[in-house]
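Across the two complexes that follow, chain A remains constant while its partner is chain B and subsequently chain C.
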Partner chain A sequence: MSKFDRFGLGLAKGLALTGKTLLSRPNITVQYPEQRLDVSRRLRGPELVWVALKCTGCATCAKSCPQGSIELATSQELVDNKYEVVEFLVDHGRCMFCGLCVEACPFDALYMGRGYERAAYRRGDLVLPKEKLQMSADRQPSAYCRPEMEAELPLQTLLVYGQTRAKR
Partner chain B sequence: MAIRTQPVSINIGPQHPSTHGVFRLRVTFDGEVIIGLEPIFGYLHRGKEKLAEARTYTQFIPITDRADYLASMSNNWGYCLAVERLAGIELPERAEYIRVLVGEMMRISNHLMAVGFFLNDCGAFFTPLLYMYREREKLLDLFDMLCGQRLNYNYMRIGGVSQDLPVEFLPALKKFVQEMPGYIDEYEQLLTTNEILLARSKGVGVLSPEQAVNASVSGPVLRACGVEWDIRRADPYSIYPQLEFDIPTGIQGDTYDRFYLRIQEMRQSVRILQQAITGIEQLPHGVYRAHVLSLVRPPKGEVYSRIESPKGELGYYIVSDGGVSPWRCRMRGPSQLNLTALRDMVLGWKLADLIIILGSIDIVMGEVDR
Partner chain C sequence: MDWLHWLFYVGVILGAVPVMVMAFIWLERRGLGRLQLRPGPNRAGPFGILQPVADAIKVLTKEDIVPVAGDHWVHFVAPLVVFAPAMLVFTVIPFQEDGGLVRGLVPDLNIGILYIVAVSSISTIGVFMAAWGSNNKYSLISAFRSMAQVVSYEIPLALAILGVVLAAGTMSLTGIVQAQAVPFIVMQPLGFIIFFIAATAELNRTPFDLMEAESEMVAGYHIEYSGMKFALFYLAEYAYTVGISAIAATLFLGGWKAPWGVGPQVGVLWLVVKILLVFMVILWIRGTFPRVRVDQLMGFAWKFLFPLSLINIFIIAAESLAWPGLPWWLLFPNTAIALVLVVVWSGLFRLGGGRVQV
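Up next, the complex of A and B:
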């Protein structure tokens, strides 16, 4: 059979490559959680960040949400010539982190989060009221759809540049 | 003359590692030879087409991501293109270039998965796949930089893309494009001349061009039969007419051709990426999205538009009644129609061949069931 004229040559060629890779030890695997890479500046991380001072309660975010996971209520009367946001509730169990609400917000009051590892034991713990959505040390906003913030955030680690080993 | 035995029916799936998702096959065997096959769809049905009717045109974009989750950028593109054609929206040139860049990156990333899992099905357990994951990881990093997520991008918008390229994107992509041909050589060195792979896949699962066209197969599976049909040439969209690339075709239409064709297509995608990078560098920074109202209301009418997704012809048929959401939105998923040709390919082959023939079609159940 002509197919098997030089049997073993293709096999040897493949094994030569695996041998070469074994000796060169490519710098790819990340030793998470001991080693953490810098995330993207535009990360659409779990949990939104809400800035109470900027929010006017216009509910554009709630209208733009494909899943209907944002619930918002304002006061009936004007307080200091503006409506007070009484309730701002995001169900992160329904949210798919598409970022359309952040893109729609006309006052830059809503940001995607930069955090991760936000698992919870109960579904109810994923529904966050406005007190829990505010910016804090472990709840930092990302620059998704906020290009003016991009330069301040650390650069993303890119595997194209093989940066995994240096950042241990 | 072979002795015929009593036919035996075996269920493969829906939970089986080789069915690439929740897919069930009811196979009838005569001894070890397949004499009948009935694919059963629907385990991953999420009613996407109905969901579109309850959402605005923009709100449906993140849901298209979830159809073919290994090539979600192409799904975004197909849907946005259909709505743009329906509403008559012209795109800025920069947006077209960005779309071609991410579309071809998506093709490479998808083919890396397809080839890797095909080799995995052939018995080369995870070693070649991990070589391909290495490059896919680099591409996912770049997508992450663009739009903040690694799998469900939701990057395209009606009239353009959601954000401009970051300044550090193009240098990184250039480095990737420079290195990629070397890596593709590595993949070829690994297994394309491997005797065991040739014995397993050469001449196995042959699909004739006539059968393929009759079953309305598209994409790499059709081109492997020797039919030169690529939507990027046959029904051009975006800036593809200005770009130079070849359409690789197979000879026999067997499993090996389908595998090797994807490697050749990756080389062509790298070629397109090189040209698109030089093109986009000459354009000024700035307009990446046409001025479109946030609540798009296309005029009354219907449109069918199609793009060449990594898996084949991805079409969207949208009927508008002039309102804010589609009256009807139909997806033509390439995986589903490619899967209908499975019976033609496997009859007369054995159980072990069924797994690699299924692997060579490159299906994603999210797109089959929608």
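Up next, the complex of A and C:
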């Protein structure tokens, strides 16, 4: 701080700074519907992703759920030494996304999701059956509690990584 | 043909000023966005150019709420009292040279600048009427602040204008423009600085927007207004900003005069360019400086602007006596005097450096 800052030089410095931003236009606002940021790789997103092939129907997830929002039923008889999962119903309206079911799953059959646009107009639409819970293009699993997946996922968009703009 | 002249120019002013105000609202919001690292409104139309139109339609369809305990008539009239003077300012602004295509409504009014100073103080009464009619404590505090601020800053403003009148030898705005062989911003830099700061305070724009300080009193005097009445306050604020920019362009930047003799036929375009220039600087200042405190506001007016404007008048008067006609080389001593005075005078007092000092 120089001696002349009190005599009006400080005002000029401030004007110069804003003038620089006016000309250099470092626009950091994300134009949301067109531009999206990459979310955290370990996001506990508002959805569960279920892998039918790995699931044995042990219902550890349903037992670990503090909200009791997972319903699971298997068939009565063994087929190929395996119980078929008949019903797997998750009420996302009651889910608090604590991730305990994902941590509890002994066969890595359940993942937290990476999506975040899961609003619905009716409560009933938030109760998802097993067909809708499976992995698809817009239903990707996150690396929460699955650290081996982390390397493949893109880094979160953050100013600390030197990314000032979102990827188009 | 006299009535035709009046009809034409009243139409021009009533049409051109709101269009200009809408364009400037868009410019301000986009420019302010750029200064604050964001894009500004960019959804309505290309570059968000239809945003003022969308806002106008929205505000027209809003419910008009009048406080039950308020003074209904005063509440109704106040927006008009604020808005009308902002339009009246434009009646005496000369658009072009004598014999030009569009000259202005009464550009030769022999007390033009006195008329502007008189008319522009009326809007303060409207502000107080709005506060009184609303029956709201925040509105009243805001109006008190506005009164104190306008009374304090009107003096340096008028004294800075007096320097221009002294140099030009006339109060007619056409005469003042014609007297500027060299624009008065170069000839009287000190006067321009004082005029500009005082005018910003008169407009209640950002470094001096205590009366609508969002963090202290929500929106100030128009807190109880909604719908078109609120829109009138909003329009008046910008129309008055454009008006002050026009006055600054006329008094200090040479009005319609074409710099370096480029295109003297389109003087009105030069005037618009100069208005735009002044407006951009006001916008730049709004995007840069934080709001001052009440004690800093008053101290700045009475300890800095007021004495400097008196000194400015003495300098200009002495120069006009010694060298009648004020030759162009006087700009060198005047610039030096302005620099030295600003630096020396700001060292003479403190504005409470971060704490309230009683």
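The working rule: the second predicted complex is superposed on the first by the 133 of 168 C-alpha atoms of A that agree within 3 Å, B and C clash if a C-alpha of one lies under 4 Å from a C-alpha of the other, contacts with A are read in each partner's own complex, and residues count from 1 in each chain.
One rule holds for everything that comes next: contacts are C-beta pairs under 8 Å (C-beta built on N, C-alpha and C of every residue); 3 or more make two chains touch, one makes a residue touch a chain.
All of these numbers come straight from a predicted model, not from anything done at the bench.
Enquirer: With the two structures laid over each other on chain A, which partner does A:Q156 touch: chain B (first), chain C (second), both, or neither?
Expert: So A:Q156 only meets chain B here.
Enquirer: Which partner does A:V85 contact after superposing on A: first (chain B), second (chain C), both, neither?
Expert: So A:V85 meets neither chain B nor chain C here.
Enquirer: Using the superposition on chain A described above, determine whether A:C145 touches chain B (first), chain C (second), both, or neither.
Expert: A:C145 sits against chain B, while chain C stays out of touch.
Enquirer: Applying the document's definition of touch, where does A:R42 land relative to chain B and chain C: first, second, both, or neither?
Expert: Only chain B; A:R42 stays clear of chain C.
Enquirer: May I ask you to decide whether A:L22 touches chain B, chain C, both, or neither, giving the answer as first, second, both or neither?
Expert: second
Enquirer: Counting residues of chain A touched by each partner, does chain B or chain C come out ahead?
Expert: Partner touching more chain A residues in the overlay: B.
Enquirer: Between chain B (first) and chain C (second), which, if any, makes contact with A:G8: first, second, both or neither?
Expert: A:G8: touches chain B and chain C.
Enquirer: Show which residues of chain A both chain B and chain C reach, each in its own complex.
Expert: In chain A, residues 4, 7-8, 11, 14, 17-18, 21, 26, 28 are touched by chain B and also by chain C.
Enquirer: Can you tell me which positions in chain A touch chain C when the two form their complex?
Expert: 4, 6-8, 11, 14-15, 17-19, 21-22, 25-29, 31
Enquirer: Under the touch definition given earlier, write down the residues of chain B that touch chain A in their complex.
Expert: 55, 58-63, 127, 131, 134, 137-138, 141-142, 144-149, 152, 154, 162-164, 166, 168, 172, 175-176, 179, 186, 189-199, 202, 294
Enquirer: Where on chain C does chain A make contact in their complex?
Expert: Its residues touching chain A are 31, 34-39, 42, 284-285, 287-289, 342-343, 346-347.
Enquirer: Under the touch definition given earlier, write down the residues of chain A that touch chain B in their complex.
Expert: Contacts found on chain A: 3-4, 7-11, 13-14, 16-18, 21, 26, 28, 39-45, 64-66, 96-100, 103-104, 112, 142, 144-145, 147, 150, 155-156, 158-161.
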